[in-house]
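In the part that follows, the structures are each spelled out as structure tokens.
In what follows, chain A forms one complex with chain B and a second complex with chain C.
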Partner chain A sequence: MNVQLYIWQRATAVVMVPLVLGHIVVIFYATRAGMSAADILSRTRGSIVWAAFYGIFVAAVAIHAAIGIRNVLHEWLPLGERRAGRFALVFGLLLAALGARAVAAVVLP
Partner chain B sequence: MPDTSAQLSVSLWRGAREGRYQTYMVPRRESQTVLDVVTFVQRNIDPTLSYRFACRVGVCGSCAMTVNGKPRWTCRTHVAKVATRGRLQIAPLQNLPVIKDLTTDMAPFFAKWQQARGVFAPSQTRHDAMARIRPDSPARSAVDAAIECINCGVCYAGCDTVRWNSDYLGPAALTRAWTLVNDERDGANVARLQAVAASGGCHACHSHQSCQELCPQALNPTAAIAGLKRRATAAYLKGEIKT
Partner chain C sequence: MSAAHVPYQLRHRGSPLWLAALVHRLSGVLLAIFLPLHFLALGLAIDGEAKLDGFLRWSEQPLVKLAEGGLVFLLTVHLLGGLRILVIENFPWTGGQKQLATLAAAVSLLAGLAFLARVF
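Let's look at the complex of A and B:
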């Protein structure tokens, strides 16, 4: 890990803290209010706010987790740093794609 | 006071990377150190035993070994403190190549000091006036807290990150770099921060704090490394260093 990756990992962690808390609040609200899937989708579809909230969340998670996975692979497996970086990049892109697909499913009209 | 008629069962690593433990019986003595035990074996039982020491009083940092699983300075480690049930197992330091028996090759350890730019780079000449450093300045206080390293390699041998990542500079080299970063007379701090901010530098530290727990000089390399992380991060964000 160099200083650039360190800053990206810490910065994305800072971004995720309020988003995780917001996500938990949303879960509690939706379940305690007894909302159906249709109720939820009626609020999220077409909403720029929810698209931004979960879009930023997915981007932060993909970057943060990929850097962490890169470290784990480099330190725990006999992979060079470059190969660990390539695996982590693929992992991060996969997370980003899956997350973007999930966000699109709830916010696109 | 120990029973001086008692015997210690001492298992010493014999060989190099491949080898085995060999057990010796050593008389128990009052105020006996682990180094005394190793020396007794070499002088009275097996003169082919290889180990390293110099000052015997905790100054030179030569005699560190793995004692019952933990790296320690053997000259200042009393047998009474570590010999549970009258047994000692002594091995060479971990994370370093073994030359023979209890002797490790310290070259990689000191090479990383060089890599971390752990050498003072004067910014003035002998013709300039003497630098005036206030003893109570924050920078000098940071140096004071980290300067007493004796290069024994205990922190390096006990560091998980060194074990996992052979490129990691290690606590001792980074602590040395931290003392120089805080030395107002030094003129190579940009290059030094660049060196410690690279892959395998200070940002690779997981802050497990084994170095702090094991350091025989009671230094806190984790705090020094945290200081380097802050300084290197600030330098990177200001564009003073690059990756």
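Let's look at the complex of A and C:
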């Protein structure tokens, strides 16, 4: 891992510390037996706060996970650094796109 | 096999901190595999509440709830493992790292169990 990727991975980790803590609180608060889509969407739709919270979360996790996957592929599989990097880039872009779609699905009114 | 018979290249693998590093990496890989599925499930809401509701009903199955408890464990253990790495890299070294790693595993296990107690 080069210095730039190292800094990006640690910086996104720092950004995500409060976001993951918040997400775990949300999981415990919101999850219960018989939870409905209406329960979830009534809280999230039209909310700028949730849009910002999960929008930043998705951006940070797409970068963080892509760099992590790149390292694992390079170190644990016989993939060269370049191929591992290409796969990680596609994976990160996929995560960012699917994550942005998920955030839009739950916050757009 | 006594410690003396383990090849020196593998001796570090008995350390709780080596195990902590392995757990951190494996939890990260598993979370990365889960994330696209999580995003796809939430994205169902684009087609209306009914689709998301259908998925939520499906997720009421005991095995799915059990898997969700596992995910809470993975998320917590990856968070705490990552925090330990950030502290080690950015602050002066402090002792008791093995105990901290064990505590992180215990707290994560408790979080997973607390989630299961809530949903079952």
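Just so we're on the same page, the second predicted complex is superposed on the first by the 104 of 109 C-alpha atoms of A that agree within 3 Å, B and C clash if a C-alpha of one lies under 4 Å from a C-alpha of the other, contacts with A are read in each partner's own complex, and residues count from 1 in each chain.
The rule is short, and it goes like this: a contact is a pair of C-beta atoms (placed from the backbone, for glycine too) under 8 Å apart; a residue touches a chain by one contact, two chains touch by 3 or more.
In this text, all values refer to a predicted model and were calculated from it rather than measured experimentally.
Chemist: Can A:His74 be said to touch chain B (first), chain C (second), both, or neither?
Modeler: first
Chemist: Looking at A:Leu5, would you say it contacts chain B, chain C, both, or neither? Reply first, second, both or neither.
Modeler: first
Chemist: Once the structures are superposed on A, label A:Ala13 by its partner contacts, choosing first (chain B), second (chain C), both or neither.
Modeler: It touches chain C, and chain B stays clear.
Chemist: Which partner does A:Leu98 contact after superposing on A: first (chain B), second (chain C), both, neither?
Modeler: After superposition on chain A, A:Leu98 lies in contact with chain C alone.
Chemist: Of chain B and chain C, which one contacts the greater number of residues in chain A?
Modeler: With both complexes superposed on chain A, more residues of chain A are touched by C.
Chemist: Would you please give the residues of chain A that touch chain B in one complex and also touch chain C in the other complex?
Modeler: On chain A, no residue contacts both chain B in one structure and chain C in the other.
Chemist: Under the stated contact criterion, what part of chain B meets chain A in this complex?
Modeler: 161, 164-165, 167, 197-199, 201, 203-204, 229, 232-233, 236-237, 241, 243
Chemist: Residues of chain A touching chain C in their complex?
Modeler: Touch list, chain A to chain C: 10, 13-14, 17, 20-21, 23-24, 27-28, 31-38, 40-41, 58, 61, 65, 68-69, 72, 91, 94-95, 98-99, 101-106.
Chemist: Can you tell me which positions in chain C touch chain A when the two form their complex?
Modeler: Per the stated touch rule, the residues are 25, 28-29, 31-32, 35-36, 38-46, 49-50, 52-53, 56, 60, 68, 72, 75-76, 79, 82-83, 85-86, 89, 111, 114-115, 118-120.
Chemist: Which of the residues in chain A come into contact with chain B in the complex?
Modeler: Listed in rising order, the residues of chain A that touch chain B are 1-7, 74-76, 81.
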